[in-house]
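Presented sequentially are two complexes of chain A, the first with chain B as partner and the second with chain C.
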Partner chain A sequence: MRTSEINKRPVVTMAGEDVAQIRDVIYSAGGGAVGGFTLSGRGLLAGPMKQALAWTSVAALGADAVMIRDEDALEPTQSVLDASASAGGSGGNVLGSQVLTDSGVDLGTVADVVIEVAGMTGGQCDVVGYEIEASEALGTKGTKLLIPLPDTLAASGEHLMVPASAKDFVAQDLAGFGASIDAFRAQLRETT
Partner chain B sequence: MQWWSWLIVVVVVIALIAGGVLAVQARRRRGGVIVDPAGPAKTHRRGGRP
Partner chain C sequence: MMRFSDASGRKVVSTSTADRVGRVDEFIVDPKTRSVVAVELKKTENGNTLRWSDITAFGADAVTVTGAEKITDGGDDVTALAGKDHRVLGKRVLSSKGDELGKVKDVEFDPESGAVTALILDNGQVEGSTLVGVGSYAVVVHAE
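Showing the complex of A and B:
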């Protein structure tokens, strides 16, 4: 699923209480996985909250709501951010960042991030791809394409690096993207 | 000025203030995808280092 589908999704306790809504997706530096979410309050005039939600505290990521056990699952935002940061992390919003291959070719800019949840509850939430606004290098400038990512990924700062072979596995839509990811990762394992 | 002119001015000012408040709120609540966070979340800067 795309992270834009999670933004603004309500956070609901098992008691049925609507306590927050998702604001940002926090993406761990080293592991290519989602570490948690920052939150904003419910209601038109509510702003960002001082509490955040670690992925380990999520009971279920449903189609219409993010379920948590109770309000105690929320933690101070800084501790959730720190848990996903590397030493001396550079930080930043991935959306709008430039995607470069390790051979220095600009593939485009990130329009969205694609994640995959392993299992219904308790599984890891992996970052498996980027939806990019393609550059000329992909031959379809301006169109939105899905590009797969390796299992682990160095992602920080202004540029996001991907292996050069990733451009051979781009997909047009999410339907065929799962197969592209598997083929891309299998090819990476063969070459290493 | 006629009384209805003042009424129009007041309505326009209220509409502008309400629109401004809603725009600021929408910006504060807009989400993103933060990678390798290095401090308080700053998601409104696109692709930059906070």
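Showing the complex of A and C:
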């Protein structure tokens, strides 16, 4: 799913109370995984909250709500940010970053982030790809394309480095994207 | 099995005096035990809460109690579960995976034990045994 779809999604306890809503994603592992979420209060006038939600405290990320066990799952924002940063997180925003291949070709700019929850509860929430505004290098300038990512990658906030072969595995929509990611990562494993 | 919609409005009759002592209005459900713990009544003399354990029988035509004194203001445990935030009817249903399943149209329960046996949604139903929580935002049910 795209991270833009998660924004404003309610955070609901198993007791059925909506305690917050998602404000933004906190990345860890160099931008390769979701470390947690910053939160806003519920309601029209509610602003950002001082508490955040670490990914490890998320019971489930569903289509309509982010489920948590109870309110104790929330913790001070700073501690979630610190935990993600110590796991190699940029903590920063990748949207708008230029996607460069290791051969120095500009593929476009990041418009959205595609994530996938691995397996059962407690599994990692991986960043598996980016939706990019394509550059000329992809031959379809201006269109939105999905580009798969390796397990780990380097991100500086300005640039995002991907292997040159990533451009052979771009997809037009999420439906065919899962297969692209698998094929891309399999190919990377073969070459290394 | 009985449904909230059928049972709502049913008269409550005292077996000692044969008087009508109230009418069933709302059901108070405890999501922990997945059962009805009390019914809220209207048209009563004192108080409006009848604990499930004080009900003699929940019959097809009337609810019987031994006497009007069984109708009280309810204890703290029951009043904590009463009110709009804990109402099941009309509320959205979320699975424990975070997917919305629909809205609760009706609730099916066992008139013998008070156990909630099913939640009737606008598009299907879920087993009462999957009930996890009832809050101001949603009814949460367990999903595999």
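Going forward, the second predicted complex is superposed on the first by the 182 of 192 C-alpha atoms of A that agree within 3 Å, B and C clash if a C-alpha of one lies under 4 Å from a C-alpha of the other, contacts with A are read in each partner's own complex, and residues count from 1 in each chain.
FYI, contacts are C-beta pairs under 8 Å (C-beta built on N, C-alpha and C of every residue); 3 or more make two chains touch, one makes a residue touch a chain.
As the structure is a prediction and not an experimental result, all values here were calculated from the model.
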> Between chain B (first) and chain C (second), which, if any, makes contact with A:Gln78: first, second, both or neither?
Replying inline: first
> For A:Pro10, is the partner it touches chain B (first), chain C (second), both, or none of the two (neither)?
Replying inline: second
> In the superposed arrangement, which partner chain does A:Gly142 touch: chain B (first), chain C (second), both, or neither?
Replying inline: neither
> Is A:Ala63 contacted by the first partner chain B, the second partner chain C, both or neither?
Replying inline: second
> Regarding the shared-chain residue A:Gln98, is it in contact with chain B (first), chain C (second), both, or neither?
Replying inline: first
>> Once the two complexes are aligned on chain A, which partner has more residues of chain A within touching range, chain B or chain C?
In response: B
> In the complex formed with chain A, which residues of chain B make contact?
Replying inline: 21-22, 25, 28-50
> Okay, in this complex, where on chain A does chain C touch?
Replying inline: 10, 12-18, 59-67
> How about chain C: which of its residues touch chain A in the complex?
Replying inline: 31, 91, 94-100, 132-140
> Given the complex with chain B, which residues does chain A contribute to the contact?
Replying inline: 3, 7-8, 22-29, 38, 40, 44-48, 77-78, 81-82, 84-86, 88-98, 109-110, 113, 155-158, 160
